[in-house]
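The two complexes that follow have subunit A in common; it is paired with subunit B in the first and with subunit C in the second.
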Partner chain A sequence: MMEDYDVVIVGAGIAGAILAKVLTQGGRSVLLLEAGTATAMTWDGYLSNLNSFYTALAKVPESPYPYNPDAPQPDVLAIGIPGSGYFVQDGPVAYGSTYTRTAGGTTLHWLGTCLRMLPEDFELRSRFGVGRDWPFAYGDLRDDYGLAEMEIGVAAEVEEQEYLGITFPKGYVYPMHKIPQSWSDQVLGQVIDGRSVDLDGRPRELKVRSTPQGRNSIPNANYRYPKGREPRDGQDRGYRPVGAVDPRPRGQDLARDLGQRCAGNSACVPICPIQAKYNALKTLVHADGDRLTVRTQAVASRVLADPAGGRILGIEYKAYESPNSPAYTTQVARGRVYVLAAHAVENAKLLLASNLAGTSGQLGRNLMDHPVLLRWGLMPEPVGSFRGPLSTSGIEDLRGGEFRAARAAFRVEVGNDGWTWPTGSPESEVLQAVGQGNLFGSRLRAQLRETLSRQIRLGFLVEQLPDPANRVTIDPQYRDAIGNFRPVIQYGLSDYTLAGMGAGTMLAERLFQWLGMADRTNAAQSLLSQITWRNQLFLWGGAGHFAGTHVMGSTPASSVVDSWQRCWDHENLFAVGCGSFPTMGTSNPTLTLAATTFRTARAILKDLEAYAPASGSAPTGEERRP
Partner chain B sequence: MADEAPDLRTFIDLSVVLTGFSEVELLGTGMAALYYGTVRGAVGEGVMGDLLATFRAVSHGGGDLETAMRTRILGDPRLGQVARNLITLWYVGNWYEMSQLWRDAYGISPSDVTRVVSAESYQQGLMWAAGETHPQGAHQPGFGTWALPPARSSS
Partner chain C sequence: MIETLEDLERHLEAAVQLELSVIPPYLCALYTLQPGANEEVSQIIRSVVVEEMLHMILAANVLNAVDGRLRMTDPGFVPTYPTYLPDGNESFLVHLLPFSPEAVETFLKIEEPSYEPPPAAMESLAKTAAAKPPVPLRLAELGPYETVGDFYKAIIKGIEHLVDKLGEREVFQGNPERQIPPEIYYYAGGGQPIAVHDLRSAKAAMEQIVDQGEGETCSMYDGDGDLAHYFRFMEIKYGRRYEPGQRQGLALSLSEVPRGEPFPVSYEAVYPMLRDPRTGDYPAGELRQASLAVDAAYSHLIRQLQSAFDGRKDLLLPAVGTMFELKYKALELLKNPLPGQPGVNAGPAFEYVP
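And then the complex of A and B:
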């Protein structure tokens, strides 16, 4: 059989980009199939995304990235509206998160939070008797976390990130110094830092802690690149931030000249106007262009396997010429190793559509998110809301402990964007003041001046355990414009998670009292999802942290992929990304996703040692070589 | 269209009263002429003409301006909603479709569609200045500025 490439990867998001970079730099030819368009890959295309954001009425995470019927994506505005949107929501609760299908993936509108998982997060079953264990420990992933922090360009200080068992190698520093904490973080910290709450029968001290973030800050001169990962100048000392990217030769200058520091645009989600925040295109542009073929507008529709033995023979994909037309041609991509890096939902959907990887019965199951309990209020004095990256601090001290046997842990994200998320402020405040407040002129202006700068929002990211009943399935009656399956989602929040929301609610009430903050949490002014538990109404939204659909484990009977993210049923097929997470703890998952991807890249390079490099010759069609 | 100039002049004077921003601040946005056309297109020349004529009478009539504004413009069934929409247009940069009751009573224009008027109108929304900040995604204030106290902080 003709093998055109060493590796065929489905999905040009962060996992696909890291693999494309590491594998091509390792001398291997890669074909990267991307379902969506390549708009953001060029700087002028990226600016068109920015313009779409400016002119979008609802500035939801997807707003800069136009809907594409040939590679549809979920939409925040459709959540909870039966019969609308890409997801077929089968309940009992509507899954509250979205992702984006275009080159660069959801990193185009991620927040950039780069917390490591706690060591105990990898051992939930053995330590607390709930959830699942990971097939490896924190210590096994620690160096890969370092690679992920290098690749993303994480800004933080080690001394602030050593808590609840998180350790770093001796002498390690983050690539960049921490992003300055916002003034409102500092005001909250003055009140909260050093105070304690009871946890597991003992006082647990709280701190408004700087969040590690994938956005450019002041490079740490003491940073040392890992061996073999030095930038092109060969110098291993001192981190070199990567700014905005464009694959054209002159475009490379942008990385040096634009987006070298976060400039406080306060729009990390949906779009950083200067690419000071990491996105996967920064990684992709550094792949070896001679060995990488990127084929966009190519939607993987089926994985083809040898019925005897299960080896993967190719990936069938539908190539469409225009998002405005359902016309497509069906083609097959062939390689030695295949990687699905298309997103937790898309990976599961593709394997289900191919009737593969089914031995454990876990495929598509254990879907998780971080349901985010939102609480918002008005500080007694102006704190400078609506300034800076959307979040620069969190309260992380309650992420771990023995209580996890009984209820979910959470972290607290401290927002810098007022009530934008829960209420659509400041627009909603204007409409309210004019429409119901009947204010105009200088009194209107004074009212907004008085209130907007005092708005604070806290988000409690609550852990969700892997539950086989929370799942992605497919149904022949639900298909998109070019005949691919739409995901059918069954989803609910367990008592374990709801009890975590309850604990979050009680903490919120306490923090508001300490701060003298008027609680303005109000269902009537919010489009958030609602759920009532023990007579308490929770207002919550999704975090965008899809996980668990092709769970990783130590036996083929209980998991879909092994510890290297290789499908137990198919030796030359890997399914990577958050879909492999057995549990997600309380950390935003992208950093851990990136770390596990570096781990998988090593396994693939090792697999390929038996082979001479394939030609990587490109068949006809639209090609892009970053 | 030279005869637009006096009306645009009145439109700006009206906008100053409705928004609480000075003429210099409003002209500084560069949006006045576009917004004049936006409102006129959405509600028609007749309503626009009456709004401006009424405002001329109000502003030259002496007496308490706020009372006169509320009585003759903001409380007027035909002009009030237009004036409120003009406020939100300046503050947000969006035109919001007139209510169905208003459209039933005073007519429907194909330009009366809820929308962000332009990429620039979003960035020039007065709500950001009112909140003493910058539009999300534009007019970047620079690295680390968010760590400083806001102008009026007592801390």
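And then the complex of A and C:
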């Protein structure tokens, strides 16, 4: 099959969706290949995902999105069980995170946290002598952060987000006002705000700060859309939230009326029941449908290159009829520019399988995550746990500082979800109260009310530096149902990161003391991973923040992609997403991923000018300026 | 006719009362939908309820802008069901009903646009109205108005008339602090609160209510392209969406039947709620207690709204939390069969308890 598109994109997650939207609106034809199904794209499909979640026994991030052997995905329940799951875990510790392979990608089950990286996060090597530098600075990405916040629809107040060097353009406001902080956030804030800790010779004042989030809130009337990005009505003032998606005519009314406002359903991960939380399909349905072809159940298996010049000639993919059958046909998609937006692990896997982009020797290496140290306890009084979005606040004051020369920084995520993550509460509490406590009826209810509403969980998201030994590889003996490689993962936590967990532990103990919170952190009651450092036991899990597998840099010798996420070895091939991150700092990476994608979209539009001019409507000024 | 500021205030207070009166019947239809069916019906009814809440805020803003006072906690303000609507239209009664063809017909009646006489089929409903129930607060002195739209249009005319007669300043003397601005409340794409301080903003607020209920003048759609409430209920009645082509038309007939994609409507997957439940009718014990709990949540909601419209706008968002509580408590009742009445479940009475 010979088809010609301006751009072929692999992966319908957030990066693929942003590219599809910007490039088609810029007059370019796009073929989007998605390995999984597009179930969540229609309202009934989304409801079927919701029902899978309701009926699942374990409400893990994957539970709404059925396992598809033709495009398998990692599963939380398989971590740490040798020989189980999609990942081949090669140690020394199990990589603790997962992602989703279906249209919409992992934004379907993400939490929605939209922190910007700190300016110093971009300059770790030059400022602290560790990690790598990004090939550009915070200031170069600042406007793209604005575009990302527009696209995702971030709710926050600028005055609360200017810290540790983060700056905003004069007069900037977030698209929506902040999501109200939960009652437990407020109780914690009353005790913690204004107090200082000294973990490394310098006291730092703490604050329980509202978290910028990609979920619909009250639109800010003073928001101004960037030039050329106004909604269809042409009004640039006042943000217009995007509700549920359904591209069909009959879905349009639903889409307008549903998901316009977060209602605190407390199921953000794994699925927002009303789509008030951003997911990438909200972006994808706003692409120019006349110029976009979406092909689902099409797993890219090989990138085809011209052996002489390195130019990419096509993407070979396996089109399968049904997730229940291993039958497939092999086809080739052709375009002028190719973009891998399939996820950090999948991008690396695909390039390794194609034997491309190998000059630097860095492909597949530098795999990172935010190992999350978990601590949990019981507050002296009820604080309304299990209400609101799963997290609405964090402590961000320890994300930056000179200490980063010696140990990892971290942020503290304050959970609203009780001990769900570490212990499987509230179900586990009910089982225990009934099974061991022999409680029923009003006594059972009283007991649950008494304990559940006092549960607090703190997550310390610890920075991990790029380490070439942490890597994704492929091995011919490990393949999936249709013969594609399964990722083999080698992964460990360095002393730098473990020292960060040590500092997090010190802070946790201080916080527990201030709050009068009884420490209930307990390895026996938890399925979390365990690691020991200097006689301290840390209980931890993955954050889902895969990064670093096709690192971005300023020279072909040391990096896989350049500052536009273009492969050094292949001028018409881009590898986008968190895989390009040289370092990840301590911010949840999706916002930065989205910002870098807007940057790349400009580069692609510029490249395409060498070919025929864009068809149809003129692209906006913003998009034409790379 | 609205001749004095007092007339205007009475009308506006009745407008808030009107918007409040239609919410419990809509909620009964919504909450009686059993999980796993009627997904689109649920979304349509919900979208209407959310806009009725917005309308209540808009009406309260206009009332506060003309320096009127709302008295939601006064006896008689919160209606008991069945009730006539407080716009003075006594041609049909509004009952608390489970989701049913009868409920849908009533909703069509409530949202009926004023630009065409109603189809004969709907008239019959009015004829079946039972013995006259007690008349809610103040409504007897108003109107009567044929439709809700007529009622609001009379208010708009009245405001214009008073501005002509007394001057804009004299009419809009309310304290701006008592307005609910869009920064305080946002729940749907259908519209936003408008802070009212002059003729222009007052008209905009009133027109938004009329447009969302019955469409822009001679159109099925409001200014944002949202289908008007009447036509959303027509979609439920016929189990079909309007076709995109049908959407363009002006001056469509009220009997215009949707011809677009069908969607499932089930009157069986519904909790068989008792008609017009009253807390006092439940036998003493668990059911009575559960009904009292619904009334308590509803009454708390009313008091929060009253305070929010009285200058405590910070209480409006917490009132949303109270609505969740109301829903869960109502669902507890709806899942309970009534002793001695096979096939009938209990339901919420929405009674105000001071």
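Criterion: the second predicted complex is superposed on the first by the 606 of 626 C-alpha atoms of A that agree within 3 Å, B and C clash if a C-alpha of one lies under 4 Å from a C-alpha of the other, contacts with A are read in each partner's own complex, and residues count from 1 in each chain.
Convention: a contact is a pair of C-beta atoms (placed from the backbone, for glycine too) under 8 Å apart; a residue touches a chain by one contact, two chains touch by 3 or more.
Computed from a predicted model, the values in this text were never measured in an experiment.
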Partner chain in contact with A:Leu431 - subunit B first, subunit C second, else both or neither: first
Touching partner for A:Pro180 - first (subunit B), second (subunit C), both, neither: both
First, second, both or neither for A:Thr55, with subunit B first and subunit C second: first
First, second, both or neither for A:Arg261, with subunit B first and subunit C second: both
Residue contacts with subunit A in the superposition, subunit B compared against subunit C: B
Contacts of A:Thr420 with subunit B and subunit C, given as first, second, both or neither: first
First (subunit B), second (subunit C), both or neither touched by A:Pro382: first
First (subunit B), second (subunit C), both or neither touched by A:Ala469: neither
Which superposed partner A:Arg445 touches (first subunit B, second subunit C, both, neither): first
Common interface positions of subunit A, toward subunit B and toward subunit C: 51, 180, 217, 261, 263-264
Subunit A-touching residues of subunit C, taken from the complex the two chains share: 36, 39-40, 43-44, 46-47, 50, 182-190, 192, 224, 226-227, 232, 241, 243-244, 260-261, 263, 317, 320, 324
Residues of subunit B touching subunit A in the complex: 17-21, 66, 69, 74, 83-84, 87-88, 91-92, 94, 96, 114-116, 118-120, 122-123, 126-128, 130-134, 136-138, 140-150, 152-155
Parts of subunit A lying in touch with subunit C, wherever the complex brings them together: 43-44, 47, 51, 177, 180, 217-221, 240-241, 243, 248-250, 253-254, 256-258, 260-261, 263-264
Interface residues, subunit A side, partner subunit B - complex: 50-51, 53-57, 59, 180-183, 186-187, 217, 261-267, 270-271, 273-274, 381-389, 392, 416-418, 420, 426-427, 429-431, 434-435, 438, 440-446, 448-449, 452-453
